[in-house]
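Input: one structure, supplied below.
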């Protein structure tokens, strides 16, 4: 089974590090197809960036399908374009925020989200409501480090994250940490050991969910609102996005 | 005050009819700037269409601002790109679903939404939750007519809409109808007379809200999560969307 | 169009200052009919005051209608008697809490309410739930100044309000301030300039909404639960309130 | 212990029949003080009637307290003026809608409300939300009989109620019936026998809750928002309502 | 009327002190049947303890019924086995958390819960959601004293509880305290005098509710999901729990 | 990795068929440890049965751990004892209702539950609320076949299930079916082919989630409310359940 890991921002470096962290998690026989969004923002730190990451992401999904992918992971904590992706994809699509939050409720009665910039907290907040976890998510916290700066000072980041997580666990009386950015994936294992609580990285969670759906032969329902898009003309620089017809 | 009315789909005909209906509603001295999305789907009937209407819509907003618009209306019932638009715009941005639902709660304790295709009901459903109106929205109904077919048989449409609205009012025990598609705007007045209940067209509602915000000198808060997007490089066919820097 | 601005408390001074602030906001040709509640409490600072402001308020609405008003604003942040008023009025009725909260969601993803006495916070809290904005209202704060003391020390009030708003914005991570009392209306503009965020005064917001509904020829649905009251005898000192018959 | 049973409408006949039904339920030694609202509507069938029943009701509470009542029941299913009454009363105040809904959740996982006119359903609906029982209340149904017509055709009423309750139990898959009007109290016992499910009359439930609070020496908290009203002048025909000072 | 007070933990001492506190509250003629759970944990401080208190508790209910009890109180703040107990019991069953929370909403617009160990807060939190009181419960606080240590240092406990309650009232801006453990019952009266707010002990509240249901001839609905369990074989050390058949 | 599949009822036949269906789903190298509850009800069809399935289930978990299990599945749609199990288990515990509902939201925007007896619907209803899926679960339906009768007339069951699912999809406008009983597991594949929508069996879903958690080295947080139970004496026929100490 080939699984496509899509980095919705255009940072090739981040894609590489995501792939490096994800590769060892795949089950024997499964294959990782890590791709970087070809068009859009270098990082996603607001609604504008997020909206503009979607066309490239949808294109990537169609290409991935063409390249034999049988499942897709959207590796940005805002789960950009998730439902749109489910409409066009034949195979399962999982977002990392969704994956991390769902998983968190299986290992704790309450979780805290630790993300990058405060301005992105509203995105997590809206997802918590959409997914139905307002009783489980006890707090959303920001370390105020831009996405692309996450890898600039690894030690500093570790220190800051450790402090932020400890503070979140105490203030929220929560039992698990959800990492609020794909760029934090590589910190999960170490933080988990240090903090002694589950630290959940949505990227690995989503990969496993896609593998799981594949093994269960389950995919997006094509009955009703997630059916393939209706055929129709598309215009302008997006004319190539027309489907079917 | 110049107000931009953006049709997020690429149908010039629909834009024209929206403008025709909207023009007379404007206050003396105000000016309508009706624009059609230059790129994207001919009609918006799902998450995929909706997501792909956003880049063109955001571009239109920036152009509108350049052309002196001091407010923007997003004329699609899914309110595509609403928060992204608020991030980049200096002036108010209102979506027609938002406008219609808010207004409906001022004239009735419960309302019904009548929209086009059943597959779009989930979009309305999610907006109802996001906006907080699950206690006010008593039902969402579809006439199963594609957006672009709405103007093909005017008399048939009137008949079908009348029946659907009567049925909705009865089944939902609601006091008002919210039209679930910009393409239904021209039916509001006639339906309202026939049904004897408020029939709310989001396009006119949103226009009035933009006028209102302008007169009150209120616009999107630039404190926190709706602040202007952070400057950063954009790549690929969206490279032109980079802001600031 | 003649719009009636009703001050539900009996303070003529407050009515005058409300009228003074509201007058310039009216559209050319529209006329303000500012009235003071003829019977009830000098100020509304609890459920008891609020309940007893309603008969006079309903009487005012009927008189206003007789005097040609085509819309009504209830200028108390508890929105006293709102649904009762909608039942008897032919024309739109808007409450200022309702108006301010709705508007706040158009310019920010989260807002804070700053009101007078702590004991009135529960009223705002209940309205937030009723209107469906518990996801948008991030906090309710009180400056502990009685309504009628608001104009006693203008400079002191400004200082206290500024501090309270800054504190609310910081603690709630909100993007806009909703003024929780009609008596604070005159502070909106200045506070907005000082704080650099939308500061929303429900009185002006409600006036504009009434103008807007008038222009859209929309009024309270008379289908179902907001229909005119059923004719029936009334007894005692309220015997004059019997309708129809 | 003297308990005041207040009929918020002005129908002396209804008060008498409520008293007759309630009397035998009182514990030995307790005394019933049944009073009819001296001013307001002959029946309460909407927001307007309800709002105008409150002043007389509050007056009744103060008189009741003067006459030695140590608890008060508001015998109208809309619980008019409940929080205002709690502000002025030293002793417990219970509304019959509140009482019936609370009790229903102790004997069934889901209940149905059967009330008089459809136009009053919204009042019950709002109370269900306010009290937090939207997961427990599975349906609200109306028999479309005006309050004051309830006693005109006893046999017809029984038949209609029986049918409405059976229909509600089946459609809602509920386990108990909540009678949605004080005027239905006398039907509870008979209906309960016929239907074989708990049929809950709020009047008797509220009386018992008041007795219970008295025995537990518990009354309304005077800390915070239900404290006695602040002293202040009252004007007009309500001038007599000024408290303290 | 004989009322069974069940202590779901196995501490005979606690049962004795509960009985001592409850006895004087019973109405003349009513009789208290206080029993200690014969099997299970010495104290209930988590989901595991709670689950294992249920079989003994259900057995106690059947024995109580055999001994003529016409109502049952489950005296543990987690309301263990409440719905299961309602299935097998012919007469009313009330849990003390349920009782205390319901009652709290009759005397205050918001309440705070003060319980024993922080690890049990999640149980109260889940009950608040299940019962529908998330708008009324403004905070849950723990004094971090194990259930069985509550009676070891009476003066210390009083001091700690007083401080915790004052802190809760201030932080939550609430009007009443709900005691979060049966073992705190004996503190209610004294705390109430000291704090000047209602301090609600679920044990006495539940007893009164059972008396009340008895007087109203109301009991658990046997229509639908609380009907007597279906007859079926039981195996293992629980084989004795098979019903009917 | 050894995974324990626990059938909370005492039917050995059902355990065997669950094991048969589950076995092929396990990943190479993983091992299934299918056990039947040694004490409790032959089937779980209400709160009473459910509560009494828990002790045996908790015992099974401890034995499973002793036998080297590194994960546990609770194969009853009520998820009996889930949080208690998480307290005592070192390794992940997943309930099948939880598993099926979570998974359903990844493949559809709305799902329907089809279960056995109507009286068990309330259990599913409560879980939907607890897990946060009231926006996703569009309906709960019962075929009114007792759990142990599910295998008596395989063809009849297929027919009935097919009809019930089609009816649910149509009435709920949902995109996926969640099977509401472990005893329906064997129908999933066939129904999915017939209906053309995802038909989700919680048993296989839960197994995969346990495998997934194992591979991610994630387990229940032992910080806070899911920590191992506090050591304390246990009495009576449950004395063996005392932990630690």
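As written, the chains take the letters A, B, C, D, E and F, and residue 1 is the first residue of each chain.
As a working rule, contacts are C-beta pairs under 8 Å (C-beta built on N, C-alpha and C of every residue); 3 or more make two chains touch, one makes a residue touch a chain.
These numbers come from a predicted model, not from an experiment.
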{"item": "Set of chains adjacent to chain A and to chain E", "value": "C, F"}
{"item": "Fitted rotation between chain C and its twin chain E in degrees, CA, nearest 5", "value": "120"}
{"item": "Listed pair (A-F, D-F or A-E) duplicating the B-C contact set, over half by residue number", "value": "A-F"}
{"item": "Chain C against chain B, contact positions shared by both copies (same if over half, else different)", "value": "same"}
{"item": "Length of the line joining the C-alpha centres of chain E and chain F, rounded to whole Å", "value": "29"}
{"item": "Mean-CA-position distance for chain D and chain B (Å)", "value": "44"}
{"item": "Set of chain B residues in contact with two or more other chains", "value": "83, 109-110, 118, 121-122, 129-130, 135, 173, 224-226"}
{"item": "Chains touching one another, given as label pairs in label order", "value": "A-B, A-C, A-E, A-F, B-C, B-D, B-F, C-D, C-E, D-E, D-F, E-F"}
{"item": "Complex contact set, residues of chain B against chain D", "value": "109-110, 135, 173"}
{"item": "Parts of chain C lying in touch with chain B, wherever the complex brings them together", "value": "25, 27-28, 83, 92, 94, 98, 102-103, 105-110, 130-136, 169, 173-176, 189, 192, 196-198, 200, 204-205, 208-209, 211-213, 215-226"}
{"item": "Of all residues in chain E, those that touch chain A in their complex", "value": "118, 121-122, 125, 129"}
{"item": "Interfacial residue positions of chain A with respect to chain B in the complex", "value": "10, 37-43, 45-52, 54-56, 58, 81, 83-84, 86-88, 118-123, 126, 129-130, 146, 148, 224-227, 229-230, 232-239, 241-243"}
